[in-house]
Every structure is written in C-alpha cells, then in structure tokens.
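Order of writing sets the chain letters: A, B, C and D. Residues in each chain are counted from 1.
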Amino acid sequence: MQLESMYQEIILDHYRNPHHKGLREPFDAEVHHVNPTCGDEVTLRVSLKDGADGEAVVEDVSYDSLGCSISQASASVMTDLVIGKPAGEAMKISDAFLELMQSKGKAEPDEDLLEDAVAFAGVSRYPARIKCALLGWMAWKDATARALSEGGQHS
Amino acid sequence: MQLESMYQEIILDHYRNPHHKGLREPFDAEVHHVNPTCGDEVTLRVSLKDGADGEAVVEDVSYDSLGCSISQASASVMTDLVIGKPAGEAMKISDAFLELMQSKGKAEPDEDLLEDAVAFAGVSRYPARIKCALLGWMAWKDATARALSEGGQHS
Amino acid sequence: MTFDVEVIRKDFPALNRLVRNGKPLVYLDSGATSQKPASVLDAEREFYERHNGAAHRGSHLLSEEGTEIYEGARATVAGFIGADENEVVFTKAATESVNLVAYALTSSVKAGDEILISEMEHHANLVPWQQLAQRTGATLKWFTVTPEGRLDIDTSLITERTKIVALTGQSNVTGAVPPIAEVTRLAHQAGALVLVDGAQLVPHHPVDVKALDVDFLVFSGHKMLGPLGLGVLYGKYAALEALPPFLTGGDMIEVVRMEGSTFQPPPMRFETGVPPAPEAAGLAAAIDYLGGLGMENVAAHERALTARALDALREIKGVRVLGPDTTADRGGAVAFDVDGVHPHDVSQVLDELGIAVRAGHHCAWPLHRALGVQASTRATFYVYNSREEVDALADGIRYAQKFFGA
Amino acid sequence: MTFDVEVIRKDFPALNRLVRNGKPLVYLDSGATSQKPASVLDAEREFYERHNGAAHRGSHLLSEEGTEIYEGARATVAGFIGADENEVVFTKAATESVNLVAYALTSSVKAGDEILISEMEHHANLVPWQQLAQRTGATLKWFTVTPEGRLDIDTSLITERTKIVALTGQSNVTGAVPPIAEVTRLAHQAGALVLVDGAQLVPHHPVDVKALDVDFLVFSGHKMLGPLGLGVLYGKYAALEALPPFLTGGDMIEVVRMEGSTFQPPPMRFETGVPPAPEAAGLAAAIDYLGGLGMENVAAHERALTARALDALREIKGVRVLGPDTTADRGGAVAFDVDGVHPHDVSQVLDELGIAVRAGHHCAWPLHRALGVQASTRATFYVYNSREEVDALADGIRYAQKFFGA
C-alpha cells in the first residue's frame, strides 16, 4: 500500500488541525480561488508590513477553505512557512514548492527551505492531486502580488 | 481491365454524339442542377403537352450541360427514353434507372423498360460515379414535377 | 439470453490491465468513458490498414470503400435508435452536437424568448444554452431538482415563449431518468423544440427516437464502447432541415462562389471536412457488439448492479447516495458522499486499491449545489462490471473511512 | 541522411493493399488524407488497450496516464511548429480550427470592417469567413490569383479596416506557396490578425510559427500521417487569450452557476468534452515519425517528385498543369487538365490502373473558376511515394487519352 507515502502523518495532522485557519482583519488583499474540477475553494487574505530594511514582510495570512485533505493540509503548512518571512523569501519558498509539485516524485526537496512541506513530495506522483496541493499556495501568491502592487501601503 | 464494363461502347457513342442536346423553346419548366463535388452542371428544360386521355405527355426535353462522359451520355440516353412518353410512364423509367444505379452492380435491369440505359449497370459498381449518371435524370424529374405542378397548363 | 460477465470481460483488453502495485483493474468510470472491445479496435485499425481513403472525396477504390464504411456506420447508428439514415449527423462528441443546435438556433431565437433546461444538466447541455441566451437576449429558465435528485417538473415554465427544452435523458450523477416523453408532449403542445442529452441514456437503454418523439438527441460514441472523437446528433429530418449550417467548409456546400455559397441538405449540411470514417467504423462495431448483447439485457444487468450498490452503500454508516434510492427510473450512476472524507480522498484510496471512480462535480456543478454537496465520488457501471466489483467498491469505501478515521 | 522510399513504404500497411484486379496501390491522394505508419496505429491502440481513462477528468491511474499522454502530445505538437505548449489547441480538424476563430471573432468584428482572404482558398478557409461577414455585416475581400495560380498581392486591399487576413500556406490544388511572412508583416502594420491555413503546409515543410509570426495556424493530423478526428489550432497566447470560448461544456469552465459561467484560460478554454487522447497519441507518433525523417528531407523528397511530375506532364500533349510550372515556392500538389477528357474519366481510368488520385474542384471551386477550368485531376505526393509512381501517373494519363480517343 502506497497510500502512506502520499498521506504522511504530518499531512493528516495538518488536515485535522489546520494552522491559522479562519479569516482575520486587517488585510491588504483578499482573493478567492477555485479548483474547477472539484469545486474546492479557498478565500485567502494577506496582510503585509514594512520590514526593517523597507522590504515587505508577510504579517499574516488567514483563510477559509473547503477541500480535500491535501488542499487543507497544504494551506496550513503554507501559512506556517510564509508568515513572518520577507515577501521575497516567501515567494522563493512558494516557487520551490511549485517545483517540487511538478517533479513527478523525482525531486530531492530542500528540507531547510520547505520544512513540513517536503511531506508533499509523494503527492507530486499523482498529477490529479497537484492542483489540490497548490490551491492555497497559488491563492497566497496572487493575494501577495496584489497587496504588493497596491503601492506598498501595508498597514 | 474492367474499364470496358463501365464505359460500354453505347455510352461512349452517346457521349461523343449526344442526342437532343441544346436548349430549345418552348418549355414549361427549366431547372439548373449541379454536382457539388465536381462542379458538373446541367440546365434542363421540359415541355409537356396534354395527351389523348388528358394525361401529360413529355413533348420535349432539351438541355445544356458540362460534365464527364457518364453524365453526358446518361442525359442523352434519358432524353431518348422519356421524350414522347406519358409523364407517368417516364417517371417509372426514371425510378427504374435510379434503382439500377443503387444496385451496386447486382440488379438485373429490365431491358424492355430501360433500353440503352441498361448500359449503365456497370456504373452502379462505382459509388462515386452514380451521381454523374443521375445528374440529368434528377434534373428531368425536378423540371417535370415543376411543370406538372404549375397547374396542367402545358401549351 | 445469457449475460455472462466473465465471457464479456475477455473481449476487453484494457480490463486485463494491472494497476497500482499489480492490482487488477476495477473500472467503475464508464460514465466518463467506456472501455472498448477488441472488435472495435480491430474495425478502426482495419479501416486504416485497408480502406483509408478520404470518404466522400475521391473517386478511387479506397475512397469508395471509405465512403461505404462511413455511410454504413450511419445506417447502423440510425437503426440502433430507430431513426432514418438522413436524420443522423456525425459530430466529434455529444458536446459538439449540443453546440451545433445551440449555434444553429441563434438566428431563430429572439429577446423575450425562453430556453428551458434543468439544474441537473451536465455542463455540456447547460453552458451552450447560457451562451445562446447571451447571444440572443433570450431568457434561460430551468427546472429545479427535488432533494432525491429527481426533476421537479413545474409545467408553468413551459410557455408559448419557450423555444427549446433541453434535458438530460439520464443524469450522469444521480442516474435519475426524467420522464422525457411526457415533457416532450408538453413542450410540443407549447410549440417548443425538444433536445435530449442522451450521452448517458443511449449507451445503457434501448432508445427509440420515434417513440420518444424528441426533435434532437445527442450522444457520444466513446461512452458506448466506441472510439473517442465521434458523436452523434439525431434530428427529425424537418427539424434538421430548418437549421442553417454550423461548421462550414468542404463537402457541406452545394455551390461556392467568392460572393456567397449555398449548402447541401441534411445530414451533409452539418458535416464538413474529411469525415472521421475510422471512428465511424469503430462505432458501428460497438453497436454491433451491444446489439449482440441486447440492449434490454444491458439495461437489466446494470439495474442489478445498481440495486446491489444501493443496498451495499445504504449499509455503510456515514455514506449518503445522491439521487434516487431505488432502481425505478434510475440508471447505473451511483454518486455518494462520505461523511468526513472528501471525494478526492475517497477516490485516492479506491484508486490505490485498483478501483477507478470519479471524484468532483462531474461537470454537473449546479446539481451538486442543489443537492447540498460541494463534490461527490461516483461509480458508474457497464456491461463488463461484475457483482464482485460492486462489493469491492463497498469494501473500499469502508477502508477509506477507516484510513481517515471518519 | 538517407531517404529510402522502399524502407519507408514498409512502415505503411495500407501500401501493401492490392486494388482493382490485384494491382498494387499507387496512392497519390495524400492531399486528401495520408496513409499511416504502423507506429501511429500502434500508439492509438496501445492507448485504448492500456491507458484508456478520460483525460483531465478522473483521479485514477488510467485517467492520469491518459492525461499525461494527451498533454505530452500537445508538447510534441508545440515543439514541431516552434510554439509554446499553451498555444496549442486540439480541435477535430483544420476546418473546425478555422471555424473556431471565425466564430470567436464574431463579437469583435463590426459592420464596415473587412475580412481579407484569397481566391485560392480551400472552402474550409473560405466559407467560414463568408459566414462571419454575413453574421457581422463586415465585408469580405479577396486577393485574386494570377494565370499561373500565384497569389496576386494587391496591397491596397490591406487597410486599417482589415480585421483579419486568412490565407492558405500552400494551395491544395496548385501547390503554390504564398509569401506568408511578407503578407503577415503588411497585415500587422495595418493592425490586422493573420490566420494561415496550414493543412497542406505543415505536413510537408518545416514550419516555425515564431519566424512566420502569424497569429493563428491551423492544420489537420490526418494529412500528416496522424489519425483522423484531430486537428490543431495554434495561436499566439495573447491572440488566444483575446478570444471568447467557442464550443462550450465540460472542462473549459472555471465556475458554472445556472445564472452564468466563467471560463478557463487558453488552451483549456477552447477544448471541451472528453479529450481525443488516443488520436493525440497517434499524432504524436506521426510527428515522431516525421521528425525521424527530418522535415527538410521530406520537403526535398517531395520537391524531387514534383519536379519529375512537372517534367513528365509537360511532355504529354493536351495536358495542362494548373499552377506554377517549376518547384520554386511550390509544394507537391499537381493538378492538371486533360484536353477532351473530363477529370472524372481521367481518374476512373487511373483508378482502374491502381492509381488513386482526386477528381473535381478539390474544395477550391473559386480557384478553378479563376483558372478557367470546371474541375481538374490532382495527384499529391508524400514521404512514401516513389519516382516510379510518378512515372506510372504519366503513363496512366496517356492511356486515358488513348482510351477516350483524345
């Protein structure tokens, strides 16, 4: 049975007890993303602040979502990884996660960078589920891009 | 070589020396038919008159046409067969010819009824050519039906 | 007539396929696309290896043979549904067939007219009508569904403004079979046309278009043992004749001049380009195969499997079947909700066990909303499915519940 | 690189076919549809026998594999023409591809706008534009042809009112290859879109869409060794993105509500229904086959055959070749007129000798009118044709002349 390689304990934990879930104020941008094949959806808010060096920092990510274990757990892990990070660094993590998902199970994920998110390596062998794992990340990326393009007014 | 079974001498004769060709006056109906795959065309006129028993008789069929040997010869043979016949009898000949064409080379044509037109039996084995053989006949049928429906004013 | 699944299965090469870790394939996704018997694959290949000339186009032997096979397939399809040959139009799929009618009606539908569909339609019989309404200013109306997933026939929706009623012949989610003949009678009284989406009906039940009296019936070859890439639009000849062409180009024309063109009568008017004759040969072989089994027997076999599935799922705590709970007016699509386990997770566990089902809204999103679920897991049955496979499904669902602690 | 026709022919099962009275088949009708190598038929069959799940739809193994094969084929097609993957839309044929663009432009073309085509178009790239003009009130204009069958480029026809220029990449009658890159430059300067009908170009020449810079390129798989039932629409991503959907239904949607729907970005926006993945697998195999030969070599081989045919036909009294008399900017379609023998009769005699050609106007009726003939006989060449077959054609024409006493 290969199920355990996809549904690792860490994923099921995040699924049962998602972190940072629920919509919170204040926020700089809110987006709503949908997975067209199953109707899974996420509403996600990003709040940025100016960091010490003037670079935007992800102050908070809050979300409400409906979806499968993979999409729920992935959103939860994502918030752990990006909250508190400078936006540029968080984007890099997001890119690394995207790359991992497109690797067809063949990548050696960077555990220092991706932390709990390496648990999703097994998902990348199931093309139909990659969209699930990416739903929250894509929403975050979209919301953050919007918040940044709204002229650096992050508070 | 099976060519001779399609291009019987009788067909080639009619092709080289078509009967009743050329458009003539007077006429009760004129039609223009086209074979959409090759652009072959025929303009055909029918003149009817009232017969002894009140039934319409085919007085004249005249036509102008562009087309292959089969379509030219077939139109020529057709005029020989229908001119001078009561419309009902001519329609029967036309139906018999249609049936022969749809027989895939398997019919025993009625030589008394079809006369020279039995020579086209071989054509019925070549589906792409059946339309050629029918072009003139269909035009005649159409023109005659129109002439008849115009209220029996045949002179 | 014996209906021996073990014998039938031998005709389907794909069913020998081993999946995840060498498990035998339990294919319960025929509602998406069916497997093909070898005779269908042979017919298609034989066409390419021996008769591959452009049908309707050449005057050489291959082209003649191609034409005969293509037109022979049209006759086979016509015979299968009780239509005349010139009432059968080949398209690429049921979806194109619906679009063809919806586009061709553009010039005869006006602002203020109404188009009537239902909440239980597949997107293929829904979005094209939204688009027609948008193009013309007509109003889209719809029958809702009852909590059991049956059509809620509010006859007041059929009025003299109704131009066309487009309804599914069998839901691809709940299996519900609406009373088509009855709705058709009402629609015709009001002067409306009727189109039935038979994508899930024609593969599974005997269908006689003359008895149904519908104006248009659409379906796809690939859901009835035939190849992908070929669909059918049946239309009463007069109904087809009243439509202008849709896709235009070669073969469907009568005379072409730069200044304008005229068109062939149906069915040629609606078929353009080199015809998909190999696929038509395959579909004819599929229909021969189904005819050999007998459509009554096919329907009875699926009814038995569906009854068994409904019984088995009823016994699993936390499982709710969407749609009718009995096999009355219900075909073999069984969609369900597992409390606490998302359909994607259910289907993933089943897939790992070798059981192929579908998860999501199955291109029937409004129906899922109406039934109060976001998505569902769906098993669909066909001629090659066995009772053991139904039992495996039930066991698999239990295993998924255990795995996710639901 | 050696190009050994005898070796190539062994890959094509249909070429072993004996025709009329046991004669070997001389297939000179690839312009209508090409023969298929066994590898293409194998790829399609392998799909059905092992990976037949609905692509894009299921979350089970077969469906995953089907999706990978389908998307892999898209990548192969993209690579073949120098496009990006998301610029390749699968349709059922070149004809549908043209119709897709013509319908999708409906809302952006207005009365007073102009659509520019040419007199040498196949009906597939002609009638859809007549229809678009009719729907929108736009004016259809066209380039005429010179007596040699070349495009007569009257640049004054390209104005700021021109919305789209739709031109053939290679005439299916005369073989003439218009200066696409040049016309495209002029059209773009005027702000018009450019669509090229590549049905006879892509199978026979190396094509790089980036170099041509056209906005849309359409072609059919079945004319390039692939299966019937699959065509391609290439579009620059921005050009595709500017188009609304055409065929609507499942898969191409984003969110569907009864009240309205939203749609996916390209290429998904233009593909609805269960995808023709087996045909796509076949087309990918066809492209692999052509890639193995090398498109430069394919073009050179056909050029040699065409030169030989032009030379041979020039020597037959009473035969007139339609179109250019040399191979400069000319592909391997050789249509001709035989004085005193109708094309149907010529082709019938050739067929009796085992030589398959096409007779008629080849879906290019206005071009035939422009060249002053009612119809013609056409031979078209491809990778598997030999010099001996060209010689057989010339001998056959002589025999036909004798038979009819011309």
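We adopt the following convention: a contact is a pair of C-beta atoms (placed from the backbone, for glycine too) under 8 Å apart; a residue touches a chain by one contact, two chains touch by 3 or more.
All values derive from a computational prediction rather than experimental measurement.
Of the two chain pairs considered here, B-D and A-D, the higher C-beta contact count falls to B-D.
Set against the Cα centre of subunit D, the chain with the most distant centre is A. Mean C-alpha position of subunit B lies 38 Å from that of subunit D.
Between subunit B and subunit C the centroid-to-centroid distance comes to 45 Å (mean Cα coordinates, whole Å). Centroids of subunit C and subunit D (each the mean of its C-alpha atoms) stand 31 Å apart. Residue numbers of subunit B whose C-beta contacts span two or more other chains: 37, 126, 128-129.
Counting only residues that touch two or more partner chains, subunit C has 20, 57-59, 63, 253, 255, 344, 348, 359-360, 365. Residue ranges on subunit C touching subunit A, taken from their complex, read 20-21, 342-345, 348-349, 352, 359-361, 365, 368, 374-375, 403-404.
The touching residues of subunit C, counted against subunit D in their complex, run 13-14, 17, 19-20, 25, 27, 29, 32-33, 35-36, 41, 44-45, 48-50, 52-54, 57-63, 92-96, 98-99, 103, 119, 122-128, 130-131, 140, 142, 220, 222, 227-230, 245, 247-251, 253, 255-258, 260-261, 272-279, 344, 347-348, 350-351, 355-360, 363, 365-366, 369. Against subunit A, in their complex, subunit D makes its touches with residues 56-59, 63-64, 67-68, 253-255, 264.
Listing the residues of subunit B that touch subunit C in their complex gives 34, 36-37, 126-129. Interface residues of subunit A, counted against subunit C in their complex, comprise 1-3, 6-7, 12, 37-40, 66-70, 126, 128-129, 132.
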